[in-house]
Each structure stands twice: as C-alpha cells, then as structure tokens.
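Structures given as structure tokens follow.
One chain, chain A, links the two complexes that follow: it is found with chain B in the first and with chain C in the second.
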Partner chain A sequence: MTIHNLYMFDRHGVLMYYGEWNRKRQSGMTIEEEAKLMYGMLYSIKNFVNKMSPVDVREGFQCYRTSKYALNYFETPSGVKFVMNTDLHSQGVRELLQQINSQIYIEYCVKNPAYKSGETIQCELFKTKLDELVKQSPIFKS
Partner chain B sequence: MADDALFDFLHMEIVSHVTKSDAGLLQDGDEAMSKLEQIGYSTGYRFIERLTKDLSRFKDELEVMKAICKDFWSAVFKKQVDNLRTNHQGVYVLQDNKFRFLASISNSRQYLELAPKYLVFTCGLLRGALASLGLTCIVTAEVTTMPACKFQVHLQRA
Partner chain C sequence: MARPGARVADSKKINSELFTLTYGALVSQLLKDYENAEDVNRQLDRMGYNIGVRIIEDFLARTSTARCTDMRDTAEKIQSAFKMYLGVNPTVTSWSPASDEFSLLFDQNPMTEFVELPDSCLSLKYCNLFCGIIRGACEMVQLEVTSWFVQDSLKGDPTTELRVKFVKKLEDAMPAGED
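Right after this comes the complex of A and B.
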C-alpha cells in the first residue's frame, strides 16, 4: 500500500496545497498547469457521474482506478476538495482523507488566524502535522 | 466540543476586528492593544466571580496564584499552567507550554510577530481576575517559541 501524492483545492479551484511522498513519474507540466487540469477534470467528471447515473445519486464521484494507481476524491460540504493518488491495494483512503480534513486542515488552517482563504497554505505547522499523519497511516509505506 | 471552537474563533475575530479598525490611525496599534486588554479585563473581572462562588477565602497571595494556575486556567484553557515561579516579592511567572490560542498557529518561529496580539486578551483576563480578588497588578506576556508562552504578573503593594 503506498500513497503517491495529495492535492487540495478550495471551492474556487485554487490549489491550496500539493504534497508528494512517492511520485515516480513527472507529468512534464508545471504544478499550476497540473492543478488546473486536475480541477477541470474533477469538475467535469462529477457532473457527468451525477447526470448519467442509472440509480439514485448518493455520494457521487469517489475514485477512479487504472491498472497502476487509484485516484481517491473527497469533498467537504464547504467545497474543499482532497485528491489523493494511491496504489491499487490501499484500503481506507476515504477515512484518511476525512481525518486530514478534520484533524489537520480544520485545526491548523481554519483555526489559524494567519491563514487567509483563497491562498496557498504557507503554514509550517500544517505541513509538519500533515506529514506526520500520512506517515503514521497504515496505507503509507515509504 | 463545539463551544471550544466557538471561543477560539470569537477570539480570533475580536483580535482581527480591533487591529483592523485602527490600521489607519496608529502606527503600531497601541490603541488596539489596550482595547483588547480592556476587553480581557472586564471579562476576567466578572468570570472569576462565577468561578470562585463555591471556594473559601484565600489565605495569602500564593494561594490566589495557585488557584489561578489550576482552576482558572483549566476553566478557560482546558489545562493547567505548566510552571509557576515567584521571587516571593510580588512577581510571578506563569508558563504555559502549549497555549491554546497559539497552538494552531505555529510550532516554531514562523508567524512569531503575530503572537503578541493573541496574548493581550489573556493578559487582561488575568489582570481582571486578580483585581476582582483584591490584587492590583500589571500583567505582561512574552513568547520565545510557539506555542509556549510566559505571563509575568507584578503585584502592586498598597
């Protein structure tokens, strides 16, 4: 089980944070271009999934899988989007993303008077705590 | 608990509101600091009445300071003061290693210049509480590494 990287977007599509732990292949674009591409894709796929669903819509889009990696998606009611790429054997990624939201983002960004919404996260404490949480999780294998 | 978060957010907003409205008037926001301290003073003055309604009269100053470190601090910050020092001549130093309002800001020297604003309210809170218990004093605070901070209380003798 491995965690490759993590993107965080706010509700306007601004990339708040990007962290990587185990990325073996670069995409050849700058991080801003990658983020825009990612956000555009998420927006389209969420709409598509909701429109074309043959049954009642519950949670909507949660993850996609290729033969090599899985992209896991979690969105809070306030529009903060967490996107985490992991390998195919990872379990419990959704819970991890929920923990990142409640224990790290809320504690060290929302409650931090030095953080202004709409900007990338500069706070060292957030980065340290996020790193700790990810590395402690059973999904992470360095 | 939801109430704890409410106090944190309210405190953040008070600091931001008071410092913002003074931005045009004063260079370093002294007026903002004394407003914040005054808000803390009135709050502390009344809060301690409620807190000590069941306790007996205190024997001496040291008892008062110890009660502040334990009961008062637990009621407001959900923990006790980590270290209390005194020179037995009216100067007390209260040290808190994980101060509630600083714990979410930083773990190191980042954002150090923002720290004083978030301590002023508590200085006033302490001054008000002690005043209500009959001890006039001056309270100052300092931060070396977040989230630890020290509050210095100078008691004024009659």
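Right after this comes the complex of A and C.
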C-alpha cells in the first residue's frame, strides 16, 4: 500500500496545499495547471454524480479507481476538499483524510491567526505534522 | 499561534470568570476607542464573523455532522454549538410560519455575568459578537443568515433573545473559466 500525493482545495477552488510522497511519474504540467484541471474535474464529476443519483445523496462522490491507482475524495460541509491518490489496496483513506482535517488542518491552520483563508499554506508546523501523520499511517507504511 | 502540543481535538477548560472578564475588558476598551456604541456593535459583529468562519471548521470536525436539510436542523446545530463552546443551552423557539426564522432564548449567559450597563451606553449590544459568529459560521456552510438581538436582559428585558433569519442559500464556487 502506498500514498502518492495529496491536494487540498479551499471552498473557492484555490489550491491550498500540495504534498507528494511516492509519485514516480509526473504529469508534465505545472502544479498550478494540474490543480486547475483536478478541481475542474472534481467539480464536474461531483455535479454529475449528484444529478445521476437515483436517490437523494448526502456525501456524493467519494472515489474513483483505475487499474493502477485510486483517487480518494473527502469534502467538509464547509467546502474544504481533500484529494489523495493512493494505490488500489489502500483501505481507510477517507478516515485518514478526516484525520488530516481535524488534527492537522484545523489545529495548525484554522486555529493559527497568522493563516488567512484562501492563501496557500506556508506554515512549517503544518507541513511537518502532515508529513508525520501520513508517514505514520498504516497505508503509507506497508 | 497554534499550540504544538494540542494534537487531539479535546475540549480544554479555561476558567469561565477569566473568560468573562477578558470579554468585558475587550468591550470596554472598544467603547473607549470608538466612543460610540453603534461603532462598537459593528466591531463586535466583525470580530464575531472572523471567529465564526474559523470555529465552524472545528465544530464540523468534532461533531462530524453532515449538511443541514432545513432551518430546524440548523437551529438544532447552533444550539448544540452554544452548548459545546459556551456551556449554555439556549432554547429554540418562536418559529416564523415559513420556518425560516427562529429565536434563541438564553436563560443564563456566562458572558454577561458581572456586567451592568451604564445609562450612557444603552444602545450597546454587549453580546453582538454572537450575531457575527452565527453569520460567519453559517456563511461557510453556504447559508446566508442575519441575526440580531431582540431582547437583552442587560437592558431590563426579562430574557435575552437572539433572532436568526435565513436569507438565502449560497451556491458552490465554480471553477475558473467554466460557466
């Protein structure tokens, strides 16, 4: 099991943070372009999923899988979006994303008066703690 | 600054008197600086708004709550947030016929425990911070609301009543360059 990378978007679609762990192949785009495409795709897929759903959806889109990797998606009701690419065997990625939200993003960004929403996250403590959490996770280790 | 040790979201306790007095000191300093109760109300509302847009993230993560389906749902959550952050349990009443407007009644309010308003600032809304917090927090979950004080026990009313009114639902942000 392994974790490839993580994107965090704010409610306006601005890329707040990008982290990379085991990504062997790059897309050949700048990270800004990549994030823009990623957000656009998520926006469309989310709307499509909700539109097509035969019953009323609450959570909606959660993940997609390809033959090589899975994209996991978690969005808070306030519109903060977490996207994590992992390999196909990873379990409990959603829980990990929730942990990143409650233990890292909220603690070190939301409660940090120096951080203004809508900005790229510059806080060193956030980066260190995120890296720690990801590397401690069983999804990363095995 | 975020505290390095605070990793798990636990409900830390602080002395409520210290909190009450700190808030009192803040309001009275604002009164000195602005010399006008209306301006102080506005400032308190602004400060509350800034608190609200952040505190909502904490609230959502701690309660892992889903999106509200109607205003009654929202009212219940606002009520539980007051309990969680302030230790008071306001009553939700006085629904408008269209269910888009309600009141929160506060029997007790730790914020006003040692407070007596002098005659010179009768237009001061001492707890206007609350209105801002509710507005800010709701805005982050795509709800535009307005809130204001109807009654204030500091001004001799029998209770403190905070009114919340639904204005409109805000739409999800569109990605740049897409219509």
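General observations
Here is the rule we use: the second predicted complex is superposed on the first by the 140 of 142 C-alpha atoms of A that agree within 3 Å, B and C clash if a C-alpha of one lies under 4 Å from a C-alpha of the other, contacts with A are read in each partner's own complex, and residues count from 1 in each chain.
One rule holds for everything that comes next: contacts are C-beta pairs under 8 Å (C-beta built on N, C-alpha and C of every residue); 3 or more make two chains touch, one makes a residue touch a chain.
Small disclaimer: the values here were computed from a predicted structure and weren't measured.
Which of chain B and chain C touches more residues of chain A is settled by the count: it is C. Looking at the shared chain after the overlay, A:N112 reaches both chain B and chain C. In the superposition on chain A, A:S102 makes contact with chain C only, while chain B stays out of contact range. In the overlay built on the shared chain, the residue A:R11 is in contact with chain C alone; chain B does not reach it.
Within the superposed three-chain model, A:S137 lies out of touch with both chain B and chain C [touch as defined at top]. Contacts of A:L125 after superposition on the shared chain: both chain B and chain C are touched.
Residues 107-108, 111-114, 125 of chain A touch chain B in one complex and chain C in the other. If you check the complex, the residues on chain B that touch chain A are 5, 8-9, 12, 15-16, 104-108, 110-111, 114, 118.
Put simply, chain A touches chain C in their complex at residues 11-13, 36, 39-40, 43, 58-59, 76-80, 98, 101-103, 105-114, 117, 125, 129. Those residues of chain C whose C-beta lies close enough to touch chain A in the complex are 1-2, 4, 6-9, 53-54, 56-58, 60-62, 64-67, 140-142, 172-176, 178.
Within the complex formed with chain B, the residues of chain A that make contact are 107-108, 111-114, 123-125, 128.
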